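In what follows, structures are represented as structure tokens.
Heads up, the next two complexes both have chain A, just with different partners, chain B and then chain C.
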Partner chain A sequence: MSVDTEGSEVPTRPPVRERLASPAGKLVVGVGVVVVVMSALLLAFGIWWPNASLPTTASDTEDAVKSTILVFSIAAAPVMALVWGIGYYSLRHWRHGSGDEPPEDGPPLRGSNRIAVGWVVVSSVLTAFLLVWGLSELTSTTTLAAGAKPLVVNVTGQQWLWTFSYPEDGGFSSPDLTLPKDRPVVFQVSSLDVIHSFWLPEMGIKVDANPSVTTTVSTTPTLLGTFQVRCAELCGLNHSYMETTVKVLDGPAFDAWVTAHGGKPDVTAAGGTSNG
Partner chain B sequence: MNTLVGAVGTVAVGAVVVGAAALVLHSAPTEPPLLTATVTANSSSTPGVTSEASLELATYGDSSQITWRRTNGGQGPHDWVSYGPTTNLQVPSHSLVTVTIQQYDSGEPIPNTFLATVQGTVGGTMTVDGKTVSQVDSESIGHTFTVHNYPSSTQDPLYINVPLPAVSDDEAEAADAAGRLTKPHVITFQFVTGSAGTYAWNCEFPCGDGTYAKFGDAMSSYGYMSGTLHVV
Partner chain C sequence: MAETTAVRPAPAPTSSGGGIMRRLNLGTGLLAGVVLAAVAWFVGSAVWAGNDKATDQAVIAAEIGWVLGFLIGIGAFVAPIRWMLGKDPSHEDEMFLAGKDQGVGRYFRFTTDHKVVGVQYLVLAMTTFGVGGLLAMMIRTELAAPGERIFGGEVYNSLVGVHGIIMIVSTIIMVVGPWGNFVMPIMIGARDMAFPRLNALSFWTLFPAVPVFLSIAALRGIPTGWVAYAPLSDQAPPGMDAFAVAIILFVISSGIGAVNLIVTALTMRARGMTWNRTPIFVVGVVATSLLGLIALPCFEVAMVYELLDRSMEASFYVPDQGGSQWLYANLFWLMGHPEVYVILIPGTAAVLEMAPVFARKPLFGARLAVIGIIALVALSVLVWAHHMFVSGWAPTLAGPFMLTTELISIPTGLIFLVLIGTIWRGNIWTRLPMLFIYGFLWNFMIGGVTGIFLSDVPADNELHGALFVTAHFHYTLLGGAMIGAMGALVYWFSKMTGRMFDEKVGKVSFYVVMIGFNVTFLAMFYNGLAGMPRRVADYQPQYEIGNQISTLGAYTIGIGMLLFLYAIVHSWRHGTPSGPNPWHAKTLEWFVPSPPPLENFEVLPVVTGDPYGYGEVDTHHTTHAGAISGPAGHEGADS
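Right after this comes the complex of A and B.
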């Protein structure tokens, strides 16, 4: 006890060390440890998982997808750990033994403006950050970087086949998709029958192919190789066979492929295919 | 005691339901009869090819023309458009396969004109009634024979698309006294197989009922306008 200016006795708080040594203090310490450990584990998982389980990164879009997963994991890890910590605290602190008679009602909750305002502000800032980040990354899949002239590819889905035509390179068509490395590509996606979904797992592209509607999506391949093209929308009997390959070639090889298919390489593509 | 009886009864009823479902599924038809290509030569002048074989198919506007569907083994509706005599095909590996298709059905414009071109065959061509062509009129297609070249690390790529030109409505109905159709387009083409593998093939011309973009009935039921190509 201490004495205030009017001579009244005011209860004093025990020292921090003494409070931490009490049963309630030990519980709070335990909650803190749970939060810190879980945050660390979730962060480690968020950093490890995208590269361990997602496909190879073959485009700038897939790179953005993995970055988004990483950033969202970092932002979400402490929140999730805090929720688990509060859950742990609640289960331990409010637990009644088998011999105890539970109270008819719990103690009334007292409002804390500091906690309420803090919670709302932190949640709002975090949510706004994720929203802006997400919209920014989403916009990047439909916005082309200045510079190289994009390659336009018309993607047509039908049960149960993809066909690809190159309207600015002679208008030829192919059942396989071939792209040049490091040149932006604009996919104009549509369907002749039912709804399909044009999915390039390694390039982070997945967009619905709707009949009578053309949907545009863009990316820039960044890795040479052969990757998958799949339909990601259940579309009928042979849906599981509606897949083919996308080959990413360097500029001269892509131009040769265009020529071999009866097309004319677009020589006006600034910084484009011919530069490899 | 009642709880125990209830629990045991529930498990027993569940087991009976699961067992009945398994029995029904097990007895359901799986593959149509297998049609094995006839080996016509055990050597070939084509590089990388060790044998030659032939396969004969047909397309009908009415699957009652197909023997196995009319007999006891023929499950499913008998009046749908269909490939025949079956859609379960087997050809030898590393082989030059000659396919002959009797095309008895009428047709319409094909939605994707790309599929009116011949692809994946020897020389990129086929013959229609003896005439060599690399594409047909996209406004009058009966069906296509299209083998899917889906990515696989365990089998060789194989993509084939052969458009089958439509016969006229009169020709599609021309039949002899026994009801057998008599005025087909005869299409022949050749392709070369690689190593052993299993491929899906189907008709890419929407020729089913009109329920859903003409992809109902025969187009959405296995064994009519779709099948399996086994390379062995």
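Right after this comes the complex of A and C.
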């Protein structure tokens, strides 16, 4: 007869204390301790690591990205700890060396419906949670914030530079990107030759620049400063250098920048650009 | 029979049979290939002279000429032609084809014995791994410091592309090629594959693809990455033509092999081997072959279109002439995502096959493993668009593809359950394959979890195209599948060679590879999160430390792999004789001598139980133990 991992709890359940003291109970406690310790370590790592490495948060989208990565790290830690913990515990307690002859056969555990069903249920619930989380973040990051009229920027990629034009602010173009803080911006992205990918790492947005097609992506900058604009799709010889900067200014400074470049600040957005 | 051999004028001094095949081998194949390539080149150049696509056309003609010439020269078409002429090969001819009494020479011929094909695949895969690994070292050397210091953009982009595709091909063949061919037929109690000649054809179609791949270097590379996205690929030098021809060859080869493996496993299992009693590795090989058969032809179609675009301006992928870059991307990823499971499933199945042997316990929830593998196959054809989340194509499909992608974690979880359930409370025998099982458990967990981050669309918008993705798939394909494959090599090495793998050197190489691997790709995760893009030769200074760590790690992997290679070569030549069943395992391949004789079994085995009855007195995989021929050993696996 096979002995189940979680003890022989058949007809009458002995009290918890007794069950924990049984051989099977001790196993569960032993591996439980390993899993809990490992979970804690992984959790600490999972919280520290993305924070330490992800770029500065310069938009509401990047904020959503960071909280997603954090939540996923927290969800992943106990799962990893469970699998690794069981592997580690087995190796530590039932190791029989590497001699020429194999050890005795172990107990013939062929499986357990209870464990299988439990495993599938837990992993399904986790998956459902991640999916719901992801869908809600997807909706929030693709929906424009209400209120201010969004700034429209046409982004054109070509080998190996970017051009930005502001169709509703006089239609001028610029080789680097300037945005007002706290005003939603819609990028209409296209390419003159091959596929490029328009990426603002600090703002957590990316969309391919395709020839003959316009794709859109939107965000709201939330931090003043200068950040990167990158091409994220291999586009030929100088792909490594297809980068420029995005400067985030407050409303009046942005309007001044537009005027200085021969554009006309979009008056219908007045109030929108300076609602910082 | 004798009448066909009698009318043939060819003198056959030492033995009868074989006919013209006696004169054909790798050498005649190379010769005929080079001749036909040269003819095709000159004819092509003359016919298309003046055309602005003339170079591409001539290159394509030459590459196709090479392949046809090679196959003719090695004798791939001899038997079909004889059948057409009504001169069926005799039994002696068949035995000659199977490599009877030919010593080492049979590895350089169109030999049909599945064990010869298995060895050929192993050596080929190791060679291509060597080339791909060397390219990886070159990439990491360039990235050791900022600045395009060594190669420059054009060469660097080609290095990345060739490294990618050669590793993809190597990892696809690394388990199914050697062990699907060598071990699987014995495992199911068969004397050979269902279609031995197709088996040889499968290998000898892949072989000429290697020089075609290598010709990419002479044809100014593929500066497009291995994905070869259109329309960038339209700008690429003629190396892209070689790339496309090589891919087409590879898909044909793998298709032939896949059909053969499926039919063999479906129809040639020993008497009594129901699916419940079939080893999990066989299930894995069948599932993989089926998936490859569905997925890989998409790549072939994509490459045929590419060649037509490049040589005849067909404009399948040229947007302003009615084509679409998304046509390419969809075809590519319709292949590309199932393909990662084509790589992963055999390595995983090998790990599941080995786990009971080294835990001395039955496979835990064997049925769950089968369900998990089938679910992976089914789901993996429904997730390709997650590679296109940021492409701008069909943003409304982001939600559904996020769903299918995240669902994959459930069957993957089942595989983990089966693995740790098998290890749990086992009597762990820490021989080298067991270390690789643990390596798989560690790496593949990280690969799987980071995949869940990428399945989430907002997170993917940040991480796509960054080194995070590179690190993720290296953790699954190299850390998971390839570590599993290395374990499989150690495990079945004695069956192939009759000698034990050198576990001392092997263990050192295991630790060196594992440490180097984790150092390399954890640092790459860090840089990826920090925003360093993939496929760049130069980068900003803030990524320098991470890159230096990655480069050091990569060199460490290189050293570990050289040690592993040394262990293989040394053990193959000087290893201690292993006897038929050094692991005291219960699957059928351990009931025949090592290496197994031609046609494997004198008497075909009868199967009476599943092969995982460790600790069970009354489960016997086969009643066949006594029928073994060859050296006496402890063939009674049921200890």
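In this section, the second predicted complex is superposed on the first by the 215 of 276 C-alpha atoms of A that agree within 3 Å, B and C clash if a C-alpha of one lies under 4 Å from a C-alpha of the other, contacts with A are read in each partner's own complex, and residues count from 1 in each chain.
In the analysis below, a residue touches a chain if its C-beta (ideal position, glycine included) is under 8 Å from a C-beta of that chain, and two chains touch if they have at least 3 such contacts.
In this text, all values refer to a predicted model and were calculated from it rather than measured experimentally.
A.B. asks: Quick one: classify A:G236 as touching chain B (first), chain C (second), both or neither.
C.D. replies: The answer is both, since A:G236 touches chain B and chain C.
A.B. asks: In the overlay, work out which of chain B or chain C sits against more residues of chain A.
C.D. replies: C
A.B. asks: After lining up the shared chain so the two structures overlap, which partner does A:G111 touch, if you call chain B first and chain C second: first, second, both or neither?
C.D. replies: second
A.B. asks: A:R17 in the overlay: touching chain B, chain C, both, or neither? Say first, second, both or neither.
C.D. replies: A:R17 contacts neither chain B nor chain C.
A.B. asks: State whether A:P175 touches chain B only (first), chain C only (second), both chains, or neither.
C.D. replies: first
A.B. asks: Could you look at A:V194 and tell me whether it touches chain B, chain C, both or neither (first, second, both, neither)?
C.D. replies: Touch partners of A:V194: chain B and chain C.
A.B. asks: Answer with first, second, both or neither: which of chain B and chain C does A:Q228 touch in the superposed model?
C.D. replies: both
A.B. asks: Quick one: is A:T244 in contact with chain B, with chain C, with both, or with neither? Answer first, second, both or neither.
C.D. replies: In the superposed model, A:T244 contacts chain B only, not chain C.
A.B. asks: One more residue to check, A:T156. First (chain B), second (chain C), both or neither?
C.D. replies: Touch partner of A:T156: chain B, not chain C.
A.B. asks: Do any residues of chain A touch both chain B and chain C, and if so, which are they?
C.D. replies: 193-194, 211, 228, 236-238, 241
A.B. asks: Sort out for me which residues of chain B touch chain A in the complex.
C.D. replies: Interface residues on chain B, with respect to chain A: 111-112, 114-115, 119, 146, 148-151, 159, 161, 200, 202, 204, 206, 212-215, 219-222, 226.
A.B. asks: Note which residues of chain A are touching chain C in the complex, please.
C.D. replies: Of all residues in chain A, those touching chain C are 5, 27, 49-50, 53-55, 61-62, 64-65, 68-69, 72, 76, 79-80, 83-84, 86-87, 90-91, 94-98, 100-112, 115-116, 119-120, 123-124, 126-127, 130-131, 133-135, 137-138, 141-142, 189, 193-195, 197, 199, 201-202, 204-208, 210-213, 215-217, 228, 230-241.
A.B. asks: Show me the residue ranges of chain A that touch chain B in the complex, using the header's touch definition.
C.D. replies: 156, 158-161, 163, 165, 173, 175-176, 192-194, 211, 226, 228, 236-238, 241-245
A.B. asks: Going by the contact rule at the top, pick out the chain C residues touching chain A in the complex.
C.D. replies: Going through chain C, the ones touching chain A are 148, 153-154, 157, 160, 223-225, 229, 231-232, 235, 319-320, 325-326, 357, 359-362, 364-368, 390-392, 395, 398-399, 402-403, 406-407, 409-410, 413-414, 416-417, 420-421, 423-432, 438, 441-442, 445-446, 449, 452-453, 455-459, 461-462, 464-466, 503, 525-527, 529-531, 533-539, 582-584, 613-616, 639.
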